[in-house]
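Next up, some structures in structure tokens.
In the two complexes that follow, subunit A is the common piece, with subunit B as its partner first and subunit C second.
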Partner chain A sequence: MLVDIEIDAREQTPSWIAYGTPLFAIAAALAVSVVALVAIGVNPIAAYVEMFLRPFGTVATISNVLVRATPLILVGLGVYLPMKAGLWNIGAEGQLLAGAIVGTWIAINVTLPQLLVIPVILLGSAIAGGLWAFIPAWLRAKWGISEIITTLLFTFIAADIQLYLVRGPMQGGSGGFPQTELLPAAAEFPAIPGTRAHVGLLVALLIVVLVYVSMNRTRFGFRVNFVGSNADAAEQAGMSRYRVYLLTLVAGGALAGLAGISEIAGNQSRLHASFAPGYGYTAVPIALLGRNGVFRMLLAALFFALLFVGGNRVTVAMEVPSAIIDIVQALVILFLITAEFFQRYRLSVSIGRRDDGRSIRGSEVTTDD
Partner chain B sequence: MWMSYIQPSVTVMTDDLLRMESIVKTFPGVIANDHVDLTVRRGEIHGLLGENGAGKSTLMKVLYGLYAPDEGTIRFDGEPLRLDRPQDAIDAGIGMVHQHFKLIPRLSVTENIVLGSREPAAPFRQENLGDGPLATLRSSGPVQAVASRFSLGLDRPKRRISDLADQYGFDIDVSAPVRELDVGQRQRVEILKALYRDVDLLILDEPTAVLTPVEAERLFETLERLVDDGLSVILITHKLKEVKSVTDRVTVLREGEDIGTVETATVDRSELARMMVGRDVLFEIDKPDTTVGEPVLEATGVSAIDDRGVDKLSSVDVRVDAGEIVGIAGVSGNGQKQLAETVAGVRDPTAGTIEISGQELADAPPEEFVAQGVSFVPEDRHEHGCAGDLSVMHNAVMKDFRDEQFGDSVLFDYGSVGDFASELVDDFDVRGVSDVTANCAKDLSGGNLQKLILARELARDPELLVANQPTRGIDVGAIEFVRERLLEQRNRGTGVLLFSEDLDELFDLSDRLLVIYEGEIVLRTTPEETTREQVSVEMNGGGDAQVAVADADPADAATRRAADGGRSEQ
Partner chain C sequence: MTDASFLIGLADATVSASTVLILAGLGELISERAGILNLGVEGMILVGALSGVVATVMTGSYWIGFAVGSICGLLTATIHAFLCISLKADQAISGIMLTLLGTGVTTYFGQQWASAQFTGFPDRTLPVIGGLLVEIPLLGPTVFEGPATDFIALGLVVAVWWLLTRTNLGLEMISVGEDPETADTMGIDVFRMRYLAVLIGGLLAGAAGAHLSLAFNGIWTNNIAAGQGWIAVALVIFARWRPGRLLVGAYLFALFNSLRLRSQSLDLALGPESPLAGLLNPVIEFLLNPAIMSMYPYIVTLVVLVATIVLRRDDDSAQPAALVQAYSREAD
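Moving on to the complex of A and B:
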């Protein structure tokens, strides 16, 4: 018996596949994860209920997800925008740190009424994130040096600067912990009434709309799409690859910077040494899953926030090691990204179509003719 | 009327090497082959003629075991043939030279040829085993199994391949790596690959698409030698001239249907064209006299390098006036690409000046050239002409997206862009587009993509159009269309710089003709003042190429005289 697998490109993706595949992929990932959960003696159904349903239980739990989602949306955009131009902003984490550092500094050292100081903080951290992306962007635009490497290396620099600052010049608060002092009340992002979610979420949603408009309704978006799809053809048509690369990567850095300060001023209230939560790296699969449209990217960011919040709940409530939750999360991401393959290709499996004799002969090595 | 030429396939059973009967192959929404019959006799060159998308490739993929037909039978050498995979076709004695060569550049000619049918190294071969304990070891099963998988004997194949190459007059060093060979030589390696496997039937898929006229001539000589030795050849093509000059019989397909098989000698070009396209095709292009205007392009002393930094263009002067077509003839790789790119503004020259309508732009960015009314049809449609993953609509406005009709300074009005794109698609008869926003450029066939690119470049009513190989690799209907549009644009006052390897095209369209060789213009003439032979000689470097041309046509002393004349002219 012979199993024959054929892979064909789909001419059109039926809508039930387009919308159903992500759900099916998540279900499949959870099914596989059962092995890990059962192995440590946890009831998988209870764990999944805790992870995926309980976060929707009350306004408070939902707002937890939204708080988590806020920096993910912003930093996701910071990877998404350069991705549209064909660039990989792998170092969004570093730009996020730069924004967090500068934003925190402004918040602590600049005294202004709340209505004024928050815009200044936002602007400052956006500029910091943008500047942190500028050198990699310029190296890429001018000399073609891979932004994948440079943005990543710049992340290491940012991380070490941050550690130095919270242990040295910016260290504050009692007990000598590696952290800054608490942000003054005026610099804290006000909460959306009745929830823990803060104005950073509104800023993020506003920027999602702005990015949508600029990508889909402006000439700038047309250029970005064109350069991202075929930079040589775009140059031939007089579009400047240089400008598009520089602009999108710097804008991506600015958005990542905003993500950094929105997490500090909206959630953590001070910059810790261990602030770096890996949002910048999580942003890459978020942007990848959402690369076909900014609203999909928004959905992906919300879903990752749910994974994180739900995962925490399981760790705390059911005493499951966080490593197991990492496995579940990783499997979900893997399955989602693999599933995209099936949206574009059709797999047909036929069994026993050829008799054995033929197939063996086909693979034989001819020794002489 | 051509139906009367169809050969009843039962007449000469014994002469038929291949009989494909009533082949049907459908794809979702398309009937690629609708009851197609193909009979190939022993020792004939059989043409398979049709436009792009007519079903030629599908039929040959069925014959090569790549597609399973829905209906129909294949008999080869009188025996019914069941093909599940290419190996079955190869075993039966069918070889195929694909349009895109399947060679590994790093490996030598010999290694490429024995790929998939290698033999073990000499000490492990049956006839070298001899006697003694060592021989017993070497002939033991496990050792033989390992040797057949992990050792490679190239000595004997190399000898055989050299012999084959000599037999057919191929000038190929069989131990040279394939990457050092030029396109024509690579094709000969592909042919050798088939011959090495002792094929009875050789299929060549559009073999001349990548060849210069001189190389194509050589290929045809080779094919004739092959059929003299008893092989049969199927030549897939959409070039009528080739069908007329080398084939014995030809089968014509149109939109998947079998239009018929005719003896080539009994039909003329226009009849073949009518069978292929389904209507009359004009070969004589009506070129009215126009008065030329001011110069739109004045390139002086232009030098340029290619992407690897090699000098490709040395101090070239080219002038194009409004309302004329200046043709550039040359063998591929002699600097045409660099010349086209520099005057279109895509590549910066290393020296020299480029004036577009009197404005010096040599160091200006491409945007300035576009703004000054320079349009460009690049050589490589997919790499430089379009963004394959974007919609037809995006590609239709690749040059014109700055235009005010598509919205004010910031916002871009995709509604009017879509309308504009649909209009271009209708005007230029771009087929295969049902929705300009949904269909991607990469899904268009070569001819239709070229029409779209041309539509985009001409919609701007440019001052200067630089067209590099605008009709390469597209079918006869599209070629006719592209040529007409180029002439029309010239008549409207556009200066056209036309690069082509098709001398007929250059002679039909050009008002003036330049020949480029090794980065220099070696001949400036007009189609009336010169001959194809002279241009052909100059394209190949004057004296050096006389041999090749003389080979093709030994009696043509005029060629050599013309060549001398050409050389003294500069």
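Moving on to the complex of A and C:
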């Protein structure tokens, strides 16, 4: 008997597949993660209720999600923007650390008029993040050196610098812990009244709108999209790939830097050894989920914020290792790229002989029985 | 501590530390030669390291642990092979996913194994000629005495070189990485050959991980690979996709890794009588700070990577021509 699997390239992706893909990826990732929960003897239904429904219980718990979402939106944009130009900013974590370090340093050491404190801190963090991305960006633009490897190496270096600083020159507070002293009150981002969410969220939302406008309404955005979809054709059309690579990656770094300081000045109040639970890596599935538009990326960031809040809840309540978050986010990527195959190709399986010669033959499996 | 014994210790540590880079680097080299970039090396190392420890604790045999670790690395690579070869997914993002998945899964299940006690690979010498070789001053105890996995890695450098340059299988593998259309016309099964290369890559990355936990560290800790998988990826570029150069590169990177662990015993500060002591000693102290030293391997990787690419000759075509390109029959 012949099982014939035929793969046809689609001319157009049906809209239900395009819209359903992110939802499918999340659902499939959560379904497979059940295995990890069952393996350690945790009731998966109870765990998912705790993770995804309980955080909506009160205004306070909802605002926890918004607090988590703030750095994730910013660092998600930091991966999204270069991704639009065809670059993978896998080392956003390092740019986030650079922004956090410099922003914290300014907050603690620089005396400024009250009105200028927060703007200067934001500016300093953005510049630090941008600078941290600059060398990988230049190496990619000028020499074609993989930005994936270089941004990651810069992340490892940033992590070592951070550890050095919080144990050495920037160490502060009582008890000799690896952390800085608390930020002065003037540097703390004010809370949005009635919630724990802070103005960083407003800044993040503002930047989402700015990115939307610049990507969809300006010549710069047009260039980025063109280079991202076909760099060679863009080059032939007279666009500078060099400038687009440099600008998007450095801007991405600046946004990641803002994510770093917003987590410190808005939430944790001081820089310490492990303040960033891998937001920079979470930014990758966020950007991928939202690759078709910045507002979808915003939704993806909110989902992962919920995952972080819910993940912490099951860690405390059910002793589920917090790495469940890492597993879910890796699986989301896995199912996204699996689903993309079905966006591009139509699969038809027919049992028995069928040979119309029109389609691309994928593979033939012959069974003996 | 005398300078001579410091150098011997450093050389010894360098050779030991290079094994994980050699194994993982060879695996990545084979995969890339067939046209598939696998950025999941870090994840596969972690899976190999944890599964190796679990199997060793359960069976009491570090050889079984090493085999299980290698096979689990291979199984992890199967995901990448399926996504990139069959589903033609973006190789970069699939590999990154594999690293995130490997890190997540091993951290999730690894907690309970962090304090597990087991007997790992003992240091030994080669059979028959080993006793003589160890007598060679400096080189002897450095190169010819170590865990069995060290010797396996060195043997594999030769084996991979032989495979890629002297066997039909190797030449076919290279041909699907250079020009899959032509290879297909010549009757080579491109898909099968690429699968084989990616799976061998996973096997070797798993072996690298099992070596790391069973022979080098003798214990499982979360994130035991600590970025070495990424260094292995960079190493393949530095090596211009050649096993011999990979060995040289692995020693270079391992040297900087060992320098950090060994330098605590070293006092490089200038004496108070030196006129530059006031100026230079703080600098030396800063450069020898363990936190600062731990970034040296990454800095060296960066510098060497950049130098390799910037200084390449224009006619150089070491990189497999079809690297990162998915293959479809009858191009669409």
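The rule we apply is simple: the second predicted complex is superposed on the first by the 270 of 369 C-alpha atoms of A that agree within 3 Å, B and C clash if a C-alpha of one lies under 4 Å from a C-alpha of the other, contacts with A are read in each partner's own complex, and residues count from 1 in each chain.
Keep in mind that, in the parts below, contacts are C-beta pairs under 8 Å (C-beta built on N, C-alpha and C of every residue); 3 or more make two chains touch, one makes a residue touch a chain.
Because the structure is a prediction, the values reported are computed rather than measured.
Colleague: Applying the touch criterion given at the start, work out whether A:Q236 contacts subunit B, subunit C, both or neither, answering first, second, both or neither.
Modeller: first
Colleague: Report for A:F222: first if it touches subunit B alone, second if subunit C alone, otherwise both or neither.
Modeller: In the superposition, A:F222 touches subunit B alone.
Colleague: Just to be sure I read the superposition right, which of the two partners does A:A27 touch: subunit B = first, subunit C = second, or both, or neither?
Modeller: neither
Colleague: Looking at subunit A, which partner touches more of its residues: subunit C or subunit B?
Modeller: Result: the larger residue contact count on subunit A belongs to C.
Colleague: By the touch definition at the top of the document, which applies to A:V49: first (subunit B), second (subunit C), both, or neither?
Modeller: neither
Colleague: How about subunit A: which of its residues touch subunit C in the complex?
Modeller: Touch list, subunit A to subunit C: 9, 36, 39-40, 88, 90, 139, 143-145, 148-150, 152-154, 156-157, 160-161, 163-164, 167-168, 281, 284, 288, 321, 323-327, 329-331, 333-334, 337-338, 340-341, 344, 360-361, 363.
Colleague: In the complex formed with subunit A, which residues of subunit B make contact?
Modeller: 28-29, 84-85, 87-88, 117-120, 125-126, 148-149, 197-198, 344-346, 365-371, 376, 378, 383-390, 394, 397-399, 401-402, 407, 410-412, 414
Colleague: What residues of subunit C sit close enough to touch subunit A in their complex?
Modeller: Residue list for subunit C touching subunit A: 39, 79, 83, 87-90, 92-94, 96-98, 100-101, 103-105, 107-109, 111, 191, 227, 230, 233-234, 289, 291-292, 294-295, 298-299, 301-302, 305-306, 309-310, 328-330, 332.
Colleague: Quick one: which bits of subunit A touch subunit B in the complex? Just the residue numbers, please.
Modeller: 11, 216-223, 225-226, 229-230, 232-240, 354, 358, 362, 365-369
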